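Look at the two complexes coming up: chain A is in both, with chain B in one and chain C in the other.
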Partner chain A sequence: MSIWENLGLVYALLGAAAAVFLAGAGSALGVGIAGQAAAGVVTEDPSKFAKVLVLQLLPGTQGIYGLLVGFLTLSKIGLLGGGAAQLDPQTGLLVLAACLPVGIVGLISGKSQGETAAASIGIVAKKPEQFGKAMLFPAMVETYAILSLLISILAVTAIQV
Partner chain B sequence: MSERYTYAVARIRALEVSLFSNAVIDQLIACPGYEQCLQFLAEKGWGDADTSEDGEKMLKREEEKIWQTVGELSIDRKKFDVLSCQKLFHNLKAAVKVVCTKETPKDVFYDDVSIPGEEMLEIIREKEFGRLPENMRQAAQQAYEALLHAGDGQLCDILIDRAALDAIYKAGMEAEDEIIREYARSVVAVADIKIAVRAQKTAKPIEFMKQAMAECDSLSVDQLSRAALAGPEAIRDYLLGTEYAGGAQALAESMSAFERWCDNRIIETISPQKYKAFTIGPVVAYVLARQNEIKTVRIILSGKRSELPDAAIRERVREMYV
Partner chain C sequence: MAVLQIQRVSICALKKDRKAILERLQSLGIMEVTDLIGDDEAFRRMDTAGARMGFEKKAHTADQALEVLDQYAPQKTSMFASLEGKKLVDKDRFRRAAGDRERILSAAADILACSRQIAEKKAAILKDENQIESLAPWILLGVPMNFGGTRDTAMMPGIMPAGTTLEDVYRILAEQLPETDALDVEIVSSGTDGVYLAVFCMRQDAGAVEEALRQGGFARPAQTVDEDPAVKTEELKADIGRLTREIEEKESAIRAHAENREELEYVSDYFRVRAEKYQVLGTLPQSQSAFFVSGYVPAKAVPAVRKAIEEKYDCVMDVEDLREEDEPPTILSNNGFSDCVEGVLESYGLPHRGEFDPTTIMSFFYVFFFGMMLSDAAYGLIVAAACFILLKKFPRMSAGMHKSLKLFMFCGISTIVWGILFGGYFGDAVDVISRVFLGYEVSVPALWFAPLNDPMKLLIYSMAFGLVHLFVGLGIKGYMQLKEGQVLDFFCDVVLWYVFLIGLILMLLPSEIFASIAQMEIVFPPFLNTLAKVLAIAGAVGLLLMSGRANKNPVLRLALGAYDIYNITGWLSDVLSYSRLLALGLATGVIASVVNQMGSMLGKSIAGVLLFAVVFVIGHAMNLAINLLGAYVHTNRLQFVEFFGKFYEGGGKPFEPFENDTKYVDIKEETLS
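Right, the complex of A and B next:
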């Protein structure tokens, strides 16, 4: 089986990989940045562990969104069922394009959310009673990751295979 | 933006909770006596088990704790060189005086700097000025000769203090971090203003002032020294036209208000760092805030030991960072 005969499938798989890889990388960066801040606070005040852990985990959702779109794509092209669909290159490219929003926005928003979560961890360090407000700042960044997830899901499911 | 300081800044934010606010300083002033102040400080976690009886030991231990914390943050200590310049030049001044006057030193040196007391004494005693950093060599040699041959202690002080200001300014201007540049600019400008005020009070000539003042881009040494020659009003008028107008108002009030403004000006410079999350600024600000806190507590303890009224102590107390 030549790769040129299955170019459509290759493109579609590249799309699933991009969704998982880019969004996952964004989450890894974000959780890493927030984790450094969380570790700094817990070094001085272990009682704030639970609160800073919640903030640290906020940038982790982009990776889950990427995984979700990745699963949807694999299911769409029949790879999860065991029988890969025959895709022409044009359809494969459509699937690739459909996966890009969650991948790219996931990468950028994951890192940005991590930075915002780190700054919010600073609020919790000084004013733990303001935890609710501190949560809202990184949660705002989440909006854009959700929008991109929505578009990727709508696009992947709308493509006729 | 750099994430290198994310851990450090978050840890500093957690530590800032235990910095003394103006309200805590008021509680300390309200303590009836020196012993009660020490007890209050010990309850706040100051000092350790064997320093609770002695104020100076307690404050020294707190100073050590600052650098212990900074050491745990894994930040290059060179970033803080500008903050230890004054201590380093203090060691030089003390060593020159000890060697020239052949006195036996007792607790006159700082040991938490790149050239601790013993090493500095050895350098001056052996006249090995080449072992000193480049920005200290000339001042060290001239100060040594001024004190040894001419017995001029004031000239010795001026030469070393001026070299210290030049070193702070140069290190500050070469620093990548904005807070260090701002700190250096403020320290030098405030020192120049102090020199002008004191020189005016003691009727020093303009040559003396120009020798003692360091060049700084936010003040004109020439105009400031001319204003000092003309009188206190001229100093105030000159300052009103600069970013140090607050100093003019403080001078109009009293000398202790002016001294307080000098320290408050540094705290004002570092205040924006309370809202930064990823730069070295909050760490530098924390070190300066802790030093300011220790200085303020020292003023209160001295006041209590001398049985000064609370109002007189309060007039000398500095603004807190938090």
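Right, the complex of A and C next:
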């Protein structure tokens, strides 16, 4: 079995991988940025640990969305159950395309959400009672990750294998 | 479901009752004192700043003493100490401690003095240790460092760069001073930071020798001591031992005060309460023999104030409804279920005066959406049970914490329900365990449907729930406008939008787009299709004409109307935003299945079971934690942005009554009737 016969499967797996690593990288960047700000606040006031931790974790969801799409794709192409489906290259490319929204938007929104979360951590540092509002700003960024997740899920489930 | 009605209560009483009345008001804790009369000739205000600062300083002293006590005689605290809340203490016991305050404060001063002495002695030890360190290279010198020499010879201790050998020194001296030969150089010690040596020469050569050596990097030691370094080191060590013993003595002196801990807490709170009282006292207008206090009191608490003050003292008590210019604080009052989301509302902002309190309506949606996002029966059970146990175990936790835990308990219950509907019990744990370890597959079917098999269906339902949520929000806006009597605004801002949106939705439902998304075709009778078009067009035209009604200029008016119709994109994004219900619900289930799958990799064996147990516990704990956070954040977001965006302004002031604002203990009061 040469690679050319299985190119469809390769494309599809590439899609799953792209969804996971792009979105995961976005989350890693975002959580990292927010974490640096959070660590700074905790050095000054350790009692704010719980609040800033919540804010730090907010950009972590993109990675989960990527995982979600990756997992859906893997189960779609039968790699999880053992018997991999026979995919022609065209279907494989369709799956790859379906995985791209969550991957790319996850990467960019993860980083942006991390920056917003870092700014919100600044709010909590100065005005801890405004935690509810501070939490909203990063959650706004996340909307677009959710929209891209939605399209990726819809596309992956709609492709006939 | 309401904001409590507030009234203004003003009391004018005799000065001789001032202390008693103020203390009674403070222990009732139901009046927010505000200044009613501005500056007036007849009234003066007492300057209480000095007394108040004195009390605050004493409270601070007690606080500091308690901190020191915690450092040297720590109390055993459990992980949940923060949930325990303030201790309840008998009034008599509190009074007794307060009466004994001078003794307790002197104990506090003693504790602080001990702590200060410990700090000083520690600094002294540090100084000694530094000196020992600097003497260490000279320890073999055998004579004091400033010995200087005998009648005819000179001794020069000094340091040369690391790596210098005895030959190097002699060579340098031979090159620089070829005719001087009465020289002796001894290396006392050598280390990485330099070579320590003692140079002996004839007294008349001393200057020349030192000059010559300096060319080779010779330097006198920075510090010299009058004694033999070895002897001095012993002395310093003895000094350190003495200081350490003294520190231990002081520490045990502090520990001996540990029995005063409770009394210190009482005294700290006693002074804190008095400081608060004096702060209020300073704002009260007083005349020769009378004083005047006024503030906001919840209407239902007014009888209690009457009973406690008016019936007992010679005074005039006046209760009046709020005037136009008043800015009263907001107190929420809700039933036992809905009050749990009050904290969530407070974090956004309390309703301002006259605004509708959305707590009750919000509480149902909150619990509903939260459960849908977490959507796993087992997770829900864990959350609900944990919150229930904590609530039962720590009945005296702070009110805010109590509400939050209650909220999570209800959300947990809702999660159980959604989990059963969607068939999630630790994801697909039942299937995986039975398949891998028992050999035959058992699965618990979803009561409604499994979201992973039919995400489109859940998406449609998510948006439908969202639409209901948004329509309720718009409805509340309409209700408020009707209450204010703004019928035209109600018609233009609310009714027209309802008409427009319902028309659009009715047009969308039978369309092909919807059929392809929902995989079901809806066929309306023709009259309904016509009705949909009529509604949509009527709504759109109405909005176009009416939204800019504040403007006289017809062009501007139409432009504003068109802009308002453009807000339909806002509605679209609001509704789409509810797709997070689907996304977060799926995320919980998928990660749970990944965990189960990873755990069952080794198959049916002892190692396999062990691996499964470890992965199961860690994986599901992490999944629960991260999805709990996600569900909390996004439920809040749906309430704050989408729901409140339709009608809510907030900006009310919280109620800050004049009360016993204690830090450590609550004083048991006679119950109010």
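Here is the rule we go by: the second predicted complex is superposed on the first by the 161 of 161 C-alpha atoms of A that agree within 3 Å, B and C clash if a C-alpha of one lies under 4 Å from a C-alpha of the other, contacts with A are read in each partner's own complex, and residues count from 1 in each chain.
Please note the rule applied: contacts are C-beta pairs under 8 Å (C-beta built on N, C-alpha and C of every residue); 3 or more make two chains touch, one makes a residue touch a chain.
What you see is a predicted model; the values in this text were computed from it and never measured.
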> Clash or fit: what happens to chain B and chain C when chain A is overlaid?
Replying inline: fit
> With the two structures laid over each other on chain A, which partner does A:161 touch: chain B (first), chain C (second), both, or neither?
Replying inline: neither
> Looking at the overlay, does A:41 come into contact with chain B only (first), chain C only (second), both, or neither?
Replying inline: first
> In the superposed arrangement, does chain B or chain C reach more residues of chain A?
Replying inline: C
>> So in the superposed three-chain picture, is A:14 touching just chain B, just chain C, both, or none of them (first/second/both/neither)?
In response: neither
> A:54 contacts which: chain B (first), chain C (second), both, neither?
Replying inline: second
>> If we overlay the two complexes on their shared chain A, which of chain B and chain C does A:97 touch? Say first, second, both or neither.
In response: neither
> Does chain B (first) or chain C (second) touch A:153, or do both, or does neither?
Replying inline: second
>> Going by the contact rule set out at the top, does A:125 touch chain B (first), chain C (second), both, or neither?
In response: first
>> Between chain B and chain C, what opening angle does the Cα centre of chain A see in the overlaid model, nearest 10 degrees?
In response: 50
>> One more residue to check, A:85. First (chain B), second (chain C), both or neither?
In response: neither
>> For the superposed arrangement, tell me the lowest C-alpha distance between chain B and chain C in Å.
In response: 8
>> Based on the A-chain superposition described above, do chain B and chain C contact any of the same residues on chain A, and if so which?
In response: none
>> Per the contact definition, I'd like the list of chain A residues that touch chain B in the complex.
In response: 33, 36-41, 43-45, 48, 115, 118-119, 121-122, 125-126
> Residues of chain B touching chain A in their complex?
Replying inline: 1, 3, 6-17, 277-278
> Which of the residues in chain C come into contact with chain A in the complex?
Replying inline: 344, 346-348, 452, 455-456, 459, 573, 576-577, 579-580, 582-583, 586-587, 590-591, 593-594, 597, 626, 629-630, 633-634, 636-637, 640-641
>> Which residues of chain A touch chain C once you look at their complex with the stated criterion?
In response: 54, 57-58, 60-61, 64-65, 67-68, 71-72, 80, 130-133, 135-136, 139-140, 142-143, 146-147, 149-150, 153-154, 157
